[in-house]
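Shared between the two complexes below is subunit A, which pairs with subunit B and subunit C, respectively.
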Partner chain A sequence: MSMGGENRMTREYLSEIADFIARYLSYMLGAGVHTSRVVRNSKRIGGALGVDVSVHTSQKTATLTVSGKDNGLHDTRVVDIPPFPISFEWNADLSALSWAAHDEEMSLDAIRHKFDELVSKPKMNPIFVLFMASLANASFCRLFGGDIWAMLITFTATMVGFFTRQHLTRKKVNHYIVFIASAFVASICASTALALGIDTAEIALATSVLYLVPGVPLINGVIDITDGHIQIGISRLVNAFMLIICIAIGMSVTLMLVKDSLL
Partner chain B sequence: MIALDIISDGIFAAVAAMGFGAISDPPMRAFPYIAILAAAGHAARYCLMNFLGVDIVTASLVAAFIIGTGSVWCGRKVFCPMTVLYIPALLPMVPGTYAYKTVFSLIMFFQEISSPGKGAGYLQEMIYNGAVSFSVLFMLAVGATIPVFLLRERANSMTRGSRFL
Partner chain C sequence: MEEVFWNSIASYNAATWPWQIAMTALSAFFALVLWIRPCTWAKIAAKVYMVILSLWIAFVYYMKFGSVREYSNVMTIFWCMVAASWIYDLATHFSSFQKSGRYSIWGLVMLVLPLAYPLVSVLRGLEFPQITTPVIPSAVALYMLGMLMTFNRKINFFAFLLVLHWSVIAISKIAIFKIPEDALLAAACIPSLVIFFLQALKSAGQEMKPCYKSVRMLVLAVALILAGCMAAVA
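What follows is the complex of A and B.
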């Protein structure tokens, strides 16, 4: 704004700030950042632009009010939280943006421009993620006492299961169905270990679905609860438990098919 | 031989943490620190459980505290919030086998529902495994969060002045 000084806080400017902070906050919550950080960062950006920010969040929507420091202007937004995949990169980058806004006195336009740049950075290569997840699950199998053959089977089973998950997610299938299907595919692949007569076959079967366990929402839920954001913490935990139940359903289909060789 | 066991435990935990972390799209610069934290935490838990006879819940709490404290120090180096480092590092300690056994016993309970003796056995196993999984998970998150409460100022300004923006 050109006027400078106290007069620059017009109604239009305040409304623009509210729009930007609403978007910032919905992106962060959507990418799986825990609540107290999102609230703190939003207040920090608001403070840098000369407004107070109050936020209320729930699982699927967030409400915020921005108010001018001493001119009595208010503006409120209710935003939907978009279901982005979890991104620690956005978490780190957008947090750094809030500090940059605070320390370097960036203008609203500059912050907005930087924000768009940060959220349009390319994501990690899905094939690299597929490979890493399979390797991780194979190491997990080893930690639980599986031998080298069980590790190989877990590696392959995870690869097939994770590919199923990526493919179905890209097709925008309901995420509960994605979890049930991927758990079934991974565990049925791992159950070949039973047929091959490997000593630690049961460990391979048990670890094959663990790449699906929603570890991030589970830990975020407990963090939110310890931070006092109890309602959203419980929502996150319930959400994660629903996904775990889906994993269990997918896996129990396999267990029903092969249980005679397990006992 | 003992040293070899501890080191291999740490290495496999590091690989698991990086791989499971990769699913959640962390910044590339965070990977080495995620690996170090996961290896230190998991190896510490391995030692506590196998050599000092500590139970899995307390051992997880201590390991998570080590990871949380480490992430205060590492976070500043790569300008990442603590959660970006410690959540992936905790993932290999999420009690997967206990969770699996909880579900498995539940399914077996349904299968044996008509024979009360066997069914009750499975139900008992389900509660046992469920209690362990929930407590370990809770302690992991709490242990890693304690340093945030102790060092609030420092913990909340990890990304200040980031070189990577």
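What follows is the complex of A and C.
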């Protein structure tokens, strides 16, 4: 219903809308969508259901207030943002859902049903991700001038490092420690290229940790700041820089062990 | 570089051949015990032996006799990581060292292949002590791969990936150090890559994307690329 809602905008119904939008925005923020899009989409769904939505976000939680347009009813939710893996698919699908709700005047039940369908799609196969990340790093190695041996070594070094990351993440180890360990393992494996006397061994070493670079939080942080969501923008950038420092620590240990210096 | 490489192998063999014979016998013993009577103590002892074998390569082969080679400390650290992967296995029971009833024969072939290292060296005209033996890094990696393949119900994936990495190094060593014996390891690693990853795919169970067929194609494509690199080296 578009807004057959006006008549039946009871406190219970408002509460149901608030529950759904809280869930919707927590999933989007958790999947790495930048804040202004999440706020825009949440307001769009709210508009389609005949309510005003106000959102405040921080790194770990979000607060939203849903207000009936004319009846003076308000409902507020504070939700934790779950740490989902970055998902461009959820980003696209859930954004499309907000437009569908707006254009097709979907009812709350229909939106909720569609949302559940979208978020319960099968997960990415970890072995597929492992292979693709390794191939991507080998390709980076080639782009930076690595020869075939450096590419092969980068491929398997990434595989060992990425598997370490997947395994430790599954074991719920602190993600900063995961980043340090993965960067160390991948770079140590890649540094074996030095012992073979390969000309482009240093390129293999440098590109073996690229899979860890937190590109999405960095981009989102900048977008959030430019869109005026300074607080969460800075939080995301700080988080991304912490991860970069962890990569640097892992790699520095390797360089200190292998080359007796950082360069 | 090639001369330094072969000289370090010669001095290693000359000084450690009795130890190497004992370790080869122990390797055969553990494989036999796990095949015939896979009891808990045998599994634990085999994992402890894997740790010792890795540390032997790290400290005796690379740190003591290979120290004349450039960046031999990198290889020491790498083999310490292999040892760490087996210690982690001991602590967490990551692998079970049990037969699954599949690929065991292929595993046995791989377990015997390290013995072919000195034979290949002799066939191509090398003489003791400047020959490859079953207790050099690539032959040890091949033995580990054989153990993983023979007893593959639940494998130590960390150790497998590290051995896979070593196999890629072996492929490049064929070209760089003129050590064709390493083709044995390189040839064994490609079917292992396919078998272990397809097994892991099947055991994942739940529905995932992309579909099983697509991921299988990807694994096969990567195996073909590796085989292509080997062929190019050959």
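Criterion: the second predicted complex is superposed on the first by the 253 of 263 C-alpha atoms of A that agree within 3 Å, B and C clash if a C-alpha of one lies under 4 Å from a C-alpha of the other, contacts with A are read in each partner's own complex, and residues count from 1 in each chain.
Just so it is clear, a contact is a pair of C-beta atoms (placed from the backbone, for glycine too) under 8 Å apart; a residue touches a chain by one contact, two chains touch by 3 or more.
Owing to the predicted nature of the structure, the values given are computational and were not obtained by experimental measurement.
By the touch criterion stated above, A:Ser182 is placed in contact with neither subunit B nor subunit C.
Using the contact criterion defined above for the overlaid structures, shared-chain residue A:Leu135 touches subunit B and also reaches subunit C. Of the two partner chains, neither subunit B nor subunit C is touched by A:Ser67. Contacts of A:Ser42 after superposition on the shared chain: neither subunit B nor subunit C is touched. Applying the stated contact rule after C-alpha superposition, one finds that A:Leu257 touches subunit C and leaves subunit B untouched.
Applying the stated contact rule after C-alpha superposition, one finds that A:Met124 touches each of subunit B and subunit C. In the superposition on chain A, contact of A:Ser191 is made with subunit C only, not with subunit B.
Of the two partner chains placed by the overlay, neither subunit B nor subunit C lies in contact with A:Ser26.
By the touch criterion defined above, A:Ser235 lies against neither subunit B nor subunit C after alignment on the C-alpha atoms of chain A. Ranked by how many residues of subunit A each touches, subunit B and subunit C are led by B. 123-124, 128, 132, 135 are the residues of subunit A that lie in the contact sets of both subunit B and subunit C, per the superposition on chain A. Those residues of subunit B whose C-beta lies close enough to touch subunit A in the complex are 9, 12-13, 15-27, 30, 42, 79-81, 83-84, 87-88, 90-92, 94, 96-97, 99-101, 103-104, 106-108, 111, 137-138, 140-142, 144-145, 156-162, 164-165. Contact residues of subunit C toward subunit A in the complex are 1, 69-75, 77-78, 81, 157-158, 161-162, 164-165, 168-169, 171-173, 175-176, 197, 200-201, 204, 206-210, 214-215, 218-219, 222, 226, 229.
Residue ranges on subunit A touching subunit B, taken from their complex, read 32-34, 37, 40, 85-93, 95-100, 103, 114, 118, 123-124, 128-129, 132-137, 139-140, 142-144, 203, 206-207, 209-211, 213, 215-216, 218-223, 226, 244, 248, 251-252, 255-256, 259. Against subunit C, in their complex, subunit A makes its touches with residues 121-128, 131-132, 135, 148-149, 152-153, 155-157, 159-160, 163-164, 167, 185, 188-189, 191-192, 194-198, 257-258.
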